[in-house]
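My questions will all concern the structure given below.
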């Protein structure tokens, strides 16, 4: 049990290396088995996790470069736990629904490496370790987009890599400087995140460092105006690529905000709430409009996920338990829903080899099962209550309402505009008469696709009706984080905001 | 008693899921029967609850488990059966049960038979969640749930193509469905904000907590709560300016219109206002505003109904205007009256719609009332029941409408809002006129359908049987006024009339007079072949006929600009500006690379020159940039 | 009376001459000569300094430079000859098969 | 005049042994060749490796901070480190002679003799703070190097040699002039004495001092290929054999860095701001310019040439920063760079093909590598890893170097510099990716790959690749001990 995290991180990597030996025809079985085992391990982690303890659990510590304060330091708390589970889950589902034939072996091996990096990012408690996984995750993705993608794949892949790489290098500078400041403050250099959480910084330093980190995170999220790599990456990537990209990789950015920005630079985060919320609102409204304008199913969903990320950002910067816990929950729900949507688009793409909306119409008659599941996912994505989508959106917006009602109203536009583009997508694809002869006798979902999609649907409904098992651990960790922030906040405004940021009966 | 609570609530869900299992299979009769049976069970237990609550003034509460628990927010799946909700439950389950039975016949030949029942039962479930929940969040669940089901049911015949507005005023079922959903979403945002306000000030969304603390707050805050909650109500109850979807929603199968868009869902807004009376009774000016809007809608919708030729749309508009009446009552603080009218209206309006359904069947889905006429001969029962319903709607003694609707007018007059009263009074006249215009054109006069080659027939007995109870209720419901009043006023505030008998009688007289004259006019005119054609040239007629051009206006004002804007946002901003900038920077760097290659000319003497130049630069710097100590 | 400065000036002048030669000359041989001049300029300077300081290190350095210059010439001429054998001329502008 | 007695103890020849061994090795090889004609190259290779081993042994025998041979030779920490690096690098290089294809330079004993002399030269260069000694060592090394390049025996390599030689001669002139000026200013050629004198005199006359420094910067700038003294680098790398190019990208620069450290150390720490600013400028220009030009190269080797220029610039920053951490970073970075870059160049060397089937000018155009992963996945993966490491993608070796030097920059307050470094790494990622893109995301242009790719491979080359790859991939494990060792030595010599 003590080494479960290392196991979780390195099991896929080892399996990937061994995978080179496995015979081409059986590689898929192998990969699915590995992913399943990995998923089970993560479930065990969840079971063993003690929700009452808000701190880091299953920590592992091993000096790596003691001279420079870099350690192999793993741990998981309520904030990261479910992102880990999400990563393993989505990977498994992705494998099951995989339809790639060409060069499958390389793809699966790189995907397994990718899984390692994904899990690694969420369990790393040492900044450098975090950075290592963070950057390493680009490489398999680069390969996946660049090799299995469609026409513009290489452009998309390089754009994705360079853009994110650039951002994270700036973040790295920030990390190094932060470590130096820690050295100045304590006399010992350290990159371990919990140490940094305890570090109290003067306001101006906070702002600069916050911006350095912000660049790295914002490009990953991606926040407007750094988002333009995403449509290409999604548009060109193969289904599995988009699924994992949307479901997990984007979450790294938002996770970074929660893990680094808020607790390490509380004052800066609070001082910068307004501009960031402004960006987030642009994301919500502007990208929703762009999504509405798309002619390609996949692009609609790509842009929609930017729009949802906007809500996540709002929730994160609500600076209260409701908002932050909501945003974390929304990360998970968006991961599952967008992943499912991309898979669905992938299914139709496998059948027709096009994603253009104009090609479709009236599919509901031909593929009722497909239409049903797609409908459920659409509803989850527009945040209908009792689906997973609602809880996070509701809480995020509710949390941010405390900060600024007017901005919440603008951010809340997402529930209207989201419905607008999603229903348009659904209507043009499934409703109306069956015009295109090519669609006349498309086969409905087959067993393989159904298994993966039904699993996702089940989660969507289950967590929509009973989100508490997930919310409780998140809630505790977030609460303790907020306490910490309030304790270490240096500016008066910040302390007041954090203090006043809960419900009070204000009698007249 | 919780047991009954859960039975009432979950029986429809079971029915829905059961039907869903056969959703993609060909029609199975038993699916419909099972669903109806389950609804019957649910109805029975609802009645039991009603009796229980009525007899022992205790409120039945039940909590399933916690839904969302974060920070200081705790939302349980909690349900309550108090006078208000029990009344709603009974109404909802009763009407739905009848509609279910009716649908077995109505949807007979539709391949979506099983699907239809799963949607319909799902709707009932959501509606019950809406009315039974003991907190605002739960209400919101039901609120969105009914929205979803109405989306599904309006778009039930999704395969129909989009037509232009003049071919089909509500472009297509799918279109209408989306319109309804999105319009409701707009309102829901308002409602969500309302919930946020409540939460951040009171720290809970439980009715009892909220209502017990609400009076602690500064009036402005309560006003905000009231306004935003009412915005939500406007969406569901299709109040102006969010009303256009209701008429278009008539694209759905008629039973749906009967159940969702007449009897139950659209009244959810009224229910919300009634339910949160502790908030609204604190802020009478908002109440007045609501009442005014209601009165306006009452007349506005009725006026559109006057000229419309579409069987179902006429009834839809009348629903709209009746909702207006209810809001007047609710707004003026006569909550129980609003609730009462809600109930009676549910009965006779559902009846009216189901009758319309029979007619449509008879005329194989023809809706233009000018192609009908003289149907009385072939479908006496339907005709009879529709007449009853219309009389009730028009508010003629002793039909249910008389008691509930006249009460509303009395309230308006009694609270000295004479203008409102007058509007409602006019509205009553219009109501009487258009309902009997409809009756006349459909059932009496020359048999125009013959030239269109229709062969109408009476509906099967069980469909009529399903309508019978409603007809009965449309007649007698009014007489329960007093028992109803004292029952619901155990929770709701009473409304004290303080005007002496004579004015009361006078009012009733006036109302009945205008109603009768409306009926008279309709009967007189249309027995004589109706108004002359030149009316159609009249601008007012055009205006009314085109619903005041509001749908077109919305198209021009919102839909098209949004479409164009988003095109610009994508093509111009995102691709041309944001993305281009990124590529531009990269391009610059790359281009610089090409430029810089000249340094590497490969010519040795040039290379040497570079070295010397480098040295010279250094030496120059020695001179120019003298060291700063 | 000739002072240290005169020597230094001379050295500077020689060095500049060599630089000019390096810049202007297109003939490989001349280039080598130019570099030699540069080194000799340095030698003069060094000799002068060592006289000035009454310290032999400078002259030592000068001797080393002479030796190195000699070996440079050896290597340089070797390369030059090969090049001449292959191409038949020793014009600088012929060596630009590699660029960019 | 009475005779001067020199006691051998005072000479302390131990300090001289490493170089002497190398020279002796060179001579031995020549003699062996005299005794018996046309021996196989493997013999020479093994002999050289043996002598280099002895060299290393002798080096380890010396205790730190001892002067010897009339105090001309100084073996302090950095001298020790750099010599070790030089010798090890040479040992890694020599086996590259055992190619499966025949390149005639390797059959000549002179090649190996010259090589060993060169090593000795570099060792002299680093193991002394005496301007004369440095100059001698530098020239010894350079002259042998010119010849080695020329020995590759094709027009390109002659051109390269001549270019290198001519510019080298000019650089030598600069060095000599600078040295003369310093001597003139201080009356001494020992750097530490010069430092003392100048510091006492408060660097007056200031402009003369700066002129001297300017000349020195120019001279060393040539060795370290700093812009604009870098122009020889790409051409020479292109002309030389890939193996030698790899060697050149590492060892001479190492020597250059050490000299630069010795020479500029006291200037940086003096209040003579000029030097620091000029170096700052040079560093930034070098990094950026080289990166930008590298973007547009069509030939992998040339690209690597530019990339190594920019890496050199990156490391020069360490000297400019001048803190202990920075100097440690310098050595750390260079050791990591040694393995990665040697690996990369060896990959080129392996894939070297005598006839120009790919491109009329280049041996290693990008097209050559397209679709490599489908023909030989292992090789492609390794090459990709080298590229990623050069780009500074964690956890591969160079990431740690960058991390450490950027950290040093920040700790010394050079925040802007650190950001510039970051940006440069981002830019450089593009051209490294380009190769990866070709290898992984394109289809092979040539069908019967096996026959064309890696004609040149042989056991020894593979071994070298293996070693470098292992070192690059598992860098994370070495970093900590490496840093400790380096820090110990750098501290010992007070840098």
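Chains: A, B, C and D, in written order; residue numbering restarts at 1 for each.
What we mean here is this: a contact is a pair of C-beta atoms (placed from the backbone, for glycine too) under 8 Å apart; a residue touches a chain by one contact, two chains touch by 3 or more.
In this text, all values refer to a predicted model and were calculated from it rather than measured experimentally.
Trainee: When you take the mean of every protein CA atom shown, which chain's own CA mean is nearest to it?
Mentor: Chain A is the most central one.
Trainee: More C-beta pairs touching across which pair, B-C or B-D?
Mentor: B-D
Trainee: When the C-alpha atoms of chain B and chain C are each averaged to a single point, how far apart are the two points in Å?
Mentor: For chain B versus chain C, the centre distance works out to 97 Å.
Trainee: Taking each chain's centre as the mean of its CA atoms, how far is chain B from chain D in angstrom?
Mentor: Inter-chain centre distance comes to 79 Å.
Trainee: Where the centres are mean C-alpha positions, what is the separation of chain A from chain B, in Å?
Mentor: Their C-alpha centroids are separated by 36 Å.
Trainee: Just give me the whole-number Å value for how far the CA centre of chain A lies from that of chain D.
Mentor: 44
Trainee: Mind pulling the residue numbers of chain B that touch at least two other chains?
Mentor: Residues 597, 600, 602, 604, 608, 612 of chain B each touch two or more of the other chains.
Trainee: Which chain D residues sit where two or more other chains touch them?
Mentor: 162-163, 166, 170, 234-235, 296
Trainee: Would you pick out the residues of chain A that each touch at least 2 other chains?
Mentor: Where chain A meets two or more other chains at a single residue, that happens at 162.
Trainee: Quick one: in the complex, what on chain D touches chain B?
Mentor: Against chain B, the touching part of chain D is residues 162-163, 166-167, 170-171, 174, 206-207, 210-211, 214-215, 217-218, 221-222, 227-229, 231-232, 234-235, 271-274, 277-278, 289, 292-296, 427.
Trainee: Given the complex with chain C, which residues does chain B contribute to the contact?
Mentor: The touching residues are 597, 600-605, 608-609, 612.
Trainee: Can you check the complex and tell me which residues of chain C touch chain B?
Mentor: So the residues of chain C in touch with chain B come to 19, 22-23, 25-26, 31, 92-93, 95-100.
Trainee: Please output the residues of chain D touching chain A within their complex, sorted ascending.
Mentor: Contacts found on chain D: 373, 377, 388, 393-395, 399-400, 403-404, 406-407, 410-411, 415, 418-419, 422-423, 425-426, 429-430, 433, 436-437, 440-441, 476, 479-480, 483-484, 487.
Trainee: Which of the residues in chain B come into contact with chain D in the complex?
Mentor: Residue list for chain B touching chain D: 589-590, 592-594, 596-597, 599-600, 602, 604, 606-608, 610-615, 618-619, 621-623, 625-629.
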